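Two complexes follow with subunit A in common, the first pairing it with subunit B and the second with subunit C.
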Partner chain A sequence: MRRSVFTGGLLAALGMVAGMAGGSGSCTASAQQKPATADVKIDNFSFGPAELTVPVGTIVTWTNRDDIPHTVVSTDDPKVFKSKVLDTDEKFSFAFSKAGTYSYFCSIHPKMTGKVVVQ
Partner chain B sequence: MHPFDIREALLAKHAQHVVLIHFPIALFLAGVAFDFLAYWTKRQSLAAAAYFNFLGAALSTIPVVITGILAWQWQLEGQKLKGILLQHLVLGSVSSVLLWLTWTIHEWTRRRQNGWLPAYRLPIEAVGAAVVALTGHLGGFLSGVNGPG
Partner chain C sequence: MFRRKEKNEILHDHNNDGIDRRGFLKCMAWAGTGAFCVMKGGVLSSYSLSRIAEVSAADMMGELSFAQISDSHMGFNKPANPDVAGTLKAAVEKINGLSEPPEFLLHTGDISHLSKPEEFDIVEQILKDARPKEVFYVPGEHDVLNDDGKSFLERFGRGSKGGGWYSFDKKGVHFIGLVNVMNLKAGGLGTLGHEQLEWMEDDVKHLKHSTPIVVFAHIPLWSVYPEWGWGTEDSAQALAYLKKFGSVTVLNGHIHQTMQKVEGNVTFHTAASTAFPQPQPGKADSPGPMKVPAEQLKSVLGITDVNYVQGKHALAVVDSSLA
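After this line comes the complex of A and B, so read on.
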């Protein structure tokens, strides 16, 4: 009787350890969840959408669908983000880790402007 | 930017190149037209008109080249160019060389007593006009004149 109680207790303890291990595993999995993403299309000399609202941590990707080169440059000083010249179908991504309003423009065509609102 | 704000217009970091480029284009193409007419009609006055157009075109390439390089350095922070931007830079440089070459041929001829303009200048001018047109076409694409609004 005492032996079976001991065995049962040992199994229960192993089960708890296994459960905790599983629990910590699920915590790790949730920490590795992919961050939110959002896309901005550059086409016909404009950013689309021109204003984008995203949660903190979102990775925004701009894709140049235009026939001519464009850039994506923050208007803040110092610049928060700045792409190289993007030819057709080239992309630029930036992860917004802080809340705020980020205005940007194309430095080749300054009339092209956009805004990312991070909440 | 307000269109009549002189300070903002003059200090716009790359707007001047887009404005100034029209001077060498117009002067050179007018000079080529005058020179071809001078060749066919044998009129010295037309050749003289061509010479002064080419002189103005060559001189006006100086601020154009400077503002073009400044636009590259300021707006794109001197990053390596490719695609249409690189093609525009190369063709623009070739155009400037051809403009100066054309004016130099006319200048050499004027300095010689009773000098006749050599016929080989005409194909050089024709090639120059074609390269200038192609450079301007790419520049128009880059500046966004084909875009909305």
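After this line comes the complex of A and C, so read on.
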């Protein structure tokens, strides 16, 4: 249930990006500023960068560049985010709306760990 | 990059903990062949199937023989092997061509690549052509991706306990199928978990010490290369329950190459994949599908055949490549 709340937040954030890209004329600059984005690549069974620092509100997108599927799963309890299984070239995005340190790992290959620091 | 060496038969003892580097490399020289296993009362002998012609018929005969296949990764379609169905069929042909027909098959996991129903379907369909009609499965991490293994268990876990573990007996040999790919913890290795360990302790408690034991699970139950996650956190506890037995054979997959280690009463063996090879531990930036020239692919894929002879303290394991 909690996850659906987060997913909803993510969709809203992404929807906003899409709205901007679509050139919606009704956007007001202050409320509709394009959120910051950051990328993490999954390559050779590792997250790069393994530690990423971003401002509050950033949408982080993970892309799997391996020939093997991976996941991006929060290690917090309850989990803050959990991707579906990402096959080659598939992506997962999450909008970090609160400051904090978010550790995560690949639940298939748990040696793969990473961290997002939101300031 | 990936060399095949002629020396295929390996049987060496390590009584120290961890991996003997020299022995380890020697094991690695063996990578890429399938195995035939013969159970002979307590020590495991193994022969490469690429040299099966040199193994005497007496050594291959026993009360019980079975074959292990692993890591079929149905659904994988990248350059390392664009036809994993074709190579699985080749594995079935290899099994059907063995002079001692195995009585059943063990599949040590990663049946599918993405846990999709159609991937499981294809594997089941192809294995119907194998002469042995009975197949025992344990899941790999690729088989339990989406629903904590629910669909895997519905399909393959009939009669299993908890998260899919079970045991059965064949001609006096006790087989234990373990699951070490669920509830993995960040930074960790494969995990059996408390519930499964308790079940296992109870499962073997009443067995005679002379009962030969075969344990099979996906991720190796010994520390092959923890840096790549090739090991199981709590395997020592599982092995402690088996100390009293004279003959213990542990069969695993996951690492897509054959390796063998003997430690006291326990022989560890990993099988080749039927889909694609992986690099030798530490010989690449990471594990993962390793590309070899197309004409060499079948030489680095394989099956494992196991034969048990009552009264002799050995389980013979023979790997054979699909070449």
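Assume the second predicted complex is superposed on the first by the 92 of 119 C-alpha atoms of A that agree within 3 Å, B and C clash if a C-alpha of one lies under 4 Å from a C-alpha of the other, contacts with A are read in each partner's own complex, and residues count from 1 in each chain.
Definition applied: a contact is a pair of C-beta atoms (placed from the backbone, for glycine too) under 8 Å apart; a residue touches a chain by one contact, two chains touch by 3 or more.
Bear in mind the structure is a predicted one, so any value in this text is a computation, not a measurement.
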Simultaneous placement of subunit C and subunit B on subunit A, clash or fit: clash
Subunit B versus subunit C as contact partner of A:85, first or second or both or neither: both
Subunit B versus subunit C as contact partner of A:50, first or second or both or neither: neither
Contact breadth on subunit A, by residue count: subunit C or subunit B: C
Touched partner set for A:113, first subunit B, second subunit C, both or neither: second
Which superposed partner A:103 touches (first subunit B, second subunit C, both, neither): second
Touched partner set for A:75, first subunit B, second subunit C, both or neither: second
Partner chain in contact with A:95 - subunit B first, subunit C second, else both or neither: neither
Overlapping contact positions on subunit A, where the subunit C interface meets the subunit B interface: 44-46, 67-69, 71, 84-85, 87, 107-109, 111
Subunit A to subunit C touching residues, read off their complex: 44-46, 66-69, 71, 75, 84-85, 87-88, 103-105, 107-111, 113
Partner subunit A, residues of subunit B touching it in the complex: 75-76, 79, 81-85, 141-144, 147-149
Residue numbers on subunit A that touch subunit B, as the complex places them: 44-46, 67-69, 71, 84-85, 87, 107-109, 111
Residues of subunit C defined as touching subunit A within the complex: 76, 78, 80, 113-115, 141-142, 145-146, 184-189, 227-229, 285-289
